[in-house]
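Order of writing sets the chain letters: A, B, C and D. Residues in each chain are counted from 1.
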Amino acid sequence: MRPPAQVTVWGEFRHEKTNPKVAVHYPDGMHETIAAFLRPHPDLDVTTAFLDQAENGLPVDLLDRTDVLVWWGHMAHGEVCDEVVAQVKRRVLEGMGLIVLHSAHYSKIFKALMGTTCSLKWRESTDKERVWNVAPHHPITRGLGEYFEIPNEEMYGEPFGIPTPDELIFISWYTGGEVFRSGATWQRGNGKVFYFKPGHETFPTYHHKEVQQVITNAVRWAAATVRIPDDCPNSPPLEILPFDPEQAERPTIGFR
Amino acid sequence: MRPPAQVTVWGEFRHEKTNPKVAVHYPDGMHETIAAFLRPHPDLDVTTAFLDQAENGLPVDLLDRTDVLVWWGHMAHGEVCDEVVAQVKRRVLEGMGLIVLHSAHYSKIFKALMGTTCSLKWRESTDKERVWNVAPHHPITRGLGEYFEIPNEEMYGEPFGIPTPDELIFISWYTGGEVFRSGATWQRGNGKVFYFKPGHETFPTYHHKEVQQVITNAVRWAAATVRIPDDCPNSPPLEILPFDPEQAERPTIGFR
Amino acid sequence: MRPPAQVTVWGEFRHEKTNPKVAVHYPDGMHETIAAFLRPHPDLDVTTAFLDQAENGLPVDLLDRTDVLVWWGHMAHGEVCDEVVAQVKRRVLEGMGLIVLHSAHYSKIFKALMGTTCSLKWRESTDKERVWNVAPHHPITRGLGEYFEIPNEEMYGEPFGIPTPDELIFISWYTGGEVFRSGATWQRGNGKVFYFKPGHETFPTYHHKEVQQVITNAVRWAAATVRIPDDCPNSPPLEILPFDPEQAERPTIGFR
Amino acid sequence: MRPPAQVTVWGEFRHEKTNPKVAVHYPDGMHETIAAFLRPHPDLDVTTAFLDQAENGLPVDLLDRTDVLVWWGHMAHGEVCDEVVAQVKRRVLEGMGLIVLHSAHYSKIFKALMGTTCSLKWRESTDKERVWNVAPHHPITRGLGEYFEIPNEEMYGEPFGIPTPDELIFISWYTGGEVFRSGATWQRGNGKVFYFKPGHETFPTYHHKEVQQVITNAVRWAAATVRIPDDCPNSPPLEILPFDPEQAERPTIGFR
């Protein structure tokens, strides 16, 4: 019997405190709503954290025991400490999964892992978003049909400034005429990354059944199976090399 | 008639000044040796720059008119200003090509574009490196045969901490028993990136005919064809949306 | 000065003869309409061919001098000889480019190169198709804006039964609520393949300016730069091997 | 509790009957040796089949209940019935996993799924093969170290005529100076494909511990999780379309 995956759901938890239109949907914060639909699954052991806690809620010992981190941020990306971002990145490259939600396309951690602008078109209005499943074989789409609809969502449109995904999972259609690669995966080092577009703060998106299914599937798919620390070793040969007359003079490069 | 591509060859230019074993091969610096074999080509207009110049040799106006940047660094990666790295990254994402040579696998700019550790195995010894051409159709391998050999090179070995390349161009075999993905490409934003492994400073690698052919081919392949600045626009709908009773209250999100 | 690329535009040329709604747009066949907008470009040398000619219009000597083949087929995929398909496939793998248009998603040659079903959703109706450019850096989108619209087109919808494209170029939005990966590239052997969705026979799609631009760009992008015949050679070692006591008994495997 | 994965191990089973150098290692056939190391795992339910059985050992009902098929073939690729190949391909595209071993790089089924030549260099001699693990995070490399060695194996060398793998798992080093992408994965439709190079018939490769580990891991990784039949449906719109004056005349395209 495998032990449960250690899931940490991180939320910025700012809009919820200042905007009544957000608070009505997420009185305890989006991170608690997300944690609440994950917790009933016995294979998941769920913790929550948020920006205004010490060390942005993500001390190294928590990160070190986290198998998959769920991340929602928007108005305060710049307030996340660079050191925390560096630790999250280290953990992803070691093997921790990362689920990046909605406006976290512009989070420091997602941009650092992608290496690109992560920019996109956007519009806050009355669009319907129809999320098409283009990877029906994938664990992230388990239990879903060909598409699902979110009655009202912010529009995110192409071009989306990301590297070519390893796997494209969803493409969204919007009433207003745009399309978007709304679900995509990337392997980064030993960790799996999944970006999932839905989740504008003024809509009840994380109460939506299919959105919950996607996030639950993604958490299971991304949970770490390895922990491989970074290493850049000076390696002795495995086969016999010709004599090296300069061996004694070879530098020992400690700064690498 | 297309105007020549603007090529900037950047070198760290430190080993050459302090290590006679390097200076013997590159008395004016590796960047000048590389520029020297590129300059005879009338379709290339070649400039050089190095770390200890003002703004690390890469002021914004030079970057803005550069179509492809060639980068060699090693012992002083940490001395490249973060602001310069940010400007180089901006230019790559706008469309500038980037050729990353040898130990620049650990440069700030390559790590920023890849999002991964970029770590590898290494050994400075008497290995022969046989570079296998696994993409004979690719512009970067034009004029090459099935493989070429470098009599003595530093070994770089797998696993190499990079995202899956868009195109794998070369795989190297080493006497000591290792293999390495020694040539690979990635699209990042609107710019092309090529990593090419050969080029240890104590060997005359950049005087090697096939190595020069690869770099010349790569410079042509990577040269910018577009310049597309980053943008994340609020976009009006292209189709008629349902009435939005809350339109007046929608935020104008200046901080995005 | 490079010689012009040899372009062969192949059409099924059946609908045009029997359906007046098709003939009104393409009285000489779709292949001639496509050839007509390619011919004015001095870097392209354009030939046409169609199904009911001898050897389906594609004798080996024509294929052997073709740098890029444009293919439209629909109602008579099954009538293309398997031997002709095998020769086209051989030429693509040697280096010839292939532009696959619209209903040719179900052509023998496209299915043979993809290895998948190439199935999709479809509807012939009054949808508008808005083609979003998701690769603004790519040669295939040169001269295009962020999107272009085709007033009436057949709907093709996801999931599209293709391998993950090397490069995703276009995603289409349809009035009826679907999305589609409407432009995508794959490297197959030494040849480039581009699938482009627009082109339903009862609409004047190939008279559309942006559609013409895409096909012209794609023809230039895909034109062969190499010709590398298939080979599976028994290869002598490049390094000294241990003595082989069984060397004389090693089979000479002629059947490989 | 998930039911065990249904594994079918298919062998050509010809060399073993005629060549004593093969029979000494595999008296009951390679397929039985492979099945023997898979059978002890309670999560795998293992069947064997071979070429000279009725329907090449792969009747449709067996394929329909197979979750993952392991395939070894060499001297008799041409004797596998095209109809059997078509059924195996259908099952892979529906979701069945396929593990392609060694000389099956030239099997009809692998070539049909790849769409390329699948050609390579080869040499039967005394090379050592050192298999480098370039994907330490991947389920297929679970339990392996950085590399493993096979004392004597046939050399397979680059260039290997395959489409760019989705994931590159292994790169092999050979004494004679070559390299090879010796483990690679591709998604094809709803099924997973893994090619694994080791396994020349005159060497005891399938008795090798790490080779057995790789195949066992791969079988688990590739086992079907879905069964999605091919479909190309005429689809009604999900949003209101403009009036279609020609609706009655739209063809009902039965031949698609």
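Structural remarks
Assume a residue touches a chain if its C-beta (ideal position, glycine included) is under 8 Å from a C-beta of that chain, and two chains touch if they have at least 3 such contacts.
Nothing here was measured: the structure is a model prediction, and the numbers come from that model.
Contact with chain B and chain D alike is made by A, C.
At the far end from chain D, in terms of centres built from Cα atoms, lies B. Looking for a copy of the C-D interface in B-D, A-B or A-D, one arrives at A-B, which has over half of the same contact pairs by residue number. Comparing chain pairs B-C and A-C by the number of C-beta pairs in contact, the larger count belongs to A-C.
Comparing the residue numbers each copy contributes, chain A and chain D share more than half of them at their mutual interface.
Here the spacing of chain A and chain B, counted between their Cα centres, is 28 Å. Mean C-alpha positions place chain B and chain C at a centre distance of 32 Å. Centre-to-centre, using mean CA coordinates, chain A is 36 Å away from chain C. In chain A, the residues that reach two or more other chains under the touch definition are 130, 136, 157, 164, 166-167, 175, 177-178, 187, 189, 238-239. Note for the complex: chain C touches chain A at residues 130, 132-136, 146, 157-160, 164, 166-168, 171-174, 177-179, 181.
Taken in their complex, chain A has these residues touching chain D: 95, 130, 136-137, 139, 142, 166-167, 175, 187, 189-191, 225-226, 228, 238-239. On the chain B side of its complex with chain A, the touching residues are 21, 75, 89, 93, 106, 112-117, 119-127, 155, 157, 161, 163-164, 166, 175-178, 186-189, 230-239, 241-244, 247, 249-251, 255-256.
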